[in-house]
Amino acid sequence: MRQLTHQIAIKTHGRRIYDITGEVTSWVRQSCMTTGLLTIYIQHTSASLLINENYDPDVISDLERFFARLVPDGDPLFFHTSEGPDDMPAHVRTALTQTSLSIPVIDGKAALGTWQGIFLYEHRHEHYTRRVLLHLMGE
Amino acid sequence: MRQLTHQIAIKTHGRRIYDITGEVTSWVRQSCMTTGLLTIYIQHTSASLLINENYDPDVISDLERFFARLVPDGDPLFFHTSEGPDDMPAHVRTALTQTSLSIPVIDGKAALGTWQGIFLYEHRHEHYTRRVLLHLMGE
Amino acid sequence: MRQLTHQIAIKTHGRRIYDITGEVTSWVRQSCMTTGLLTIYIQHTSASLLINENYDPDVISDLERFFARLVPDGDPLFFHTSEGPDDMPAHVRTALTQTSLSIPVIDGKAALGTWQGIFLYEHRHEHYTRRVLLHLMGE
């Protein structure tokens, strides 16, 4: 049994759901691990992770439409406004989605379903470099 | 340290929260692992996983009532409608709940709390066979 | 490769988001593990876990404000009311946040981002003792 870690940096340019499936799965393949557990961890609180459909791009834009309505920017409910009208909504969206994802590795591959993609959800409008950690344990 | 994987197929017949606690915990017991980490992973984006109360069945039907109001079928907000009025809501519900669950194994058992059950949440109205992967690592 | 488990008991006194970062990270440090995977698991269905900003205390009070509006106590939608008007909302809030968190351990520390804290989210108004399990695997 052995383990590997890796950090990837994702440059984001505005609120959007970014597909990171390729970067994650190619790292897993290069690890030459046959069976194991992959953990994906984002070190931020205004960007998050999710697994969802990667086939029709309308799905991720509809997801964003839903979250924009559920957690509107500039909501007068919020006191934490000093970092801008999209900052507290970003923390709420992070709480409603994921900071870590766990995916089994089987036959040398992250065992995603046919239509599943791995996404980084940037909740802020500015440009950022987001750090995502990958951890793999197995053999 | 060793690891085991297993796939279970759950037949769903309509939108509902299905208790899969028995299938998961009996597989863990049969593994004869004393201490470890159990990962449960669903390979779909319109069905998800959750841990919640398994004692009063009103809890899971109230959960469904809440999600039906929060993410209504046929919402005109959505563009991804070609697969039916319940498809995009299913992706949103999946984003709001879990695709993977991690549970420590202690004394040979998944360390669920007294009232915790493991559930598959089918978000679509049709019948499906849903694939859930179990991964166990420990000794 | 080795593993360790630990249980912490958190006394809560009313609905609030409690910072448990110190208790968790000091246990990880004492384990003397350099690289590994930390899993945090809460054995309850009316209290949950989340990772969010731990710098400005307005963030976690705004999070509570958001959830109080999204899932109001005493909502006539709910049938499961015998345990009080805050009980079913507590189960919904748990479904919308996390029962488990996975965090890589790198260089002997849980690899939290600069502004990330680990929180127990108590959703009920009464006083409770909440059990949180820590599991660490690595070397």
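Remarks
Letters A, B and C mark the chains in the order given here, with residues in each chain numbered from 1 onward.
Keep in mind that, in the parts below, a contact is a pair of C-beta atoms (placed from the backbone, for glycine too) under 8 Å apart; a residue touches a chain by one contact, two chains touch by 3 or more.
Since the structure is predicted, the reported quantities are computational estimates derived from the model, not experimental observations.
Any chain bridging chain A and chain B, meaning touching each of them, is among C; the list is complete. Different-residue interface: chain A and chain C share under half of the residue numbers found at their contact. Centres computed as Cα averages put chain A at a distance of 20 Å from chain C.
In chain B, the residues touching two or more other chains are 1, 37, 70, 96, 98, 102, 137. Taken together, the chain C residues at the contact with chain B in this complex read 1-3, 5, 37, 39, 41-46, 70-71, 77-80, 82, 88, 91-92, 94-96, 98-100, 102, 131, 133, 135, 137. By the touch rule above, chain A contacts chain B in their complex via residues 1, 35-37, 50-53, 56, 58-59, 61-63, 65-66, 69-70, 96-98, 101-104, 106, 111-116, 137-139.
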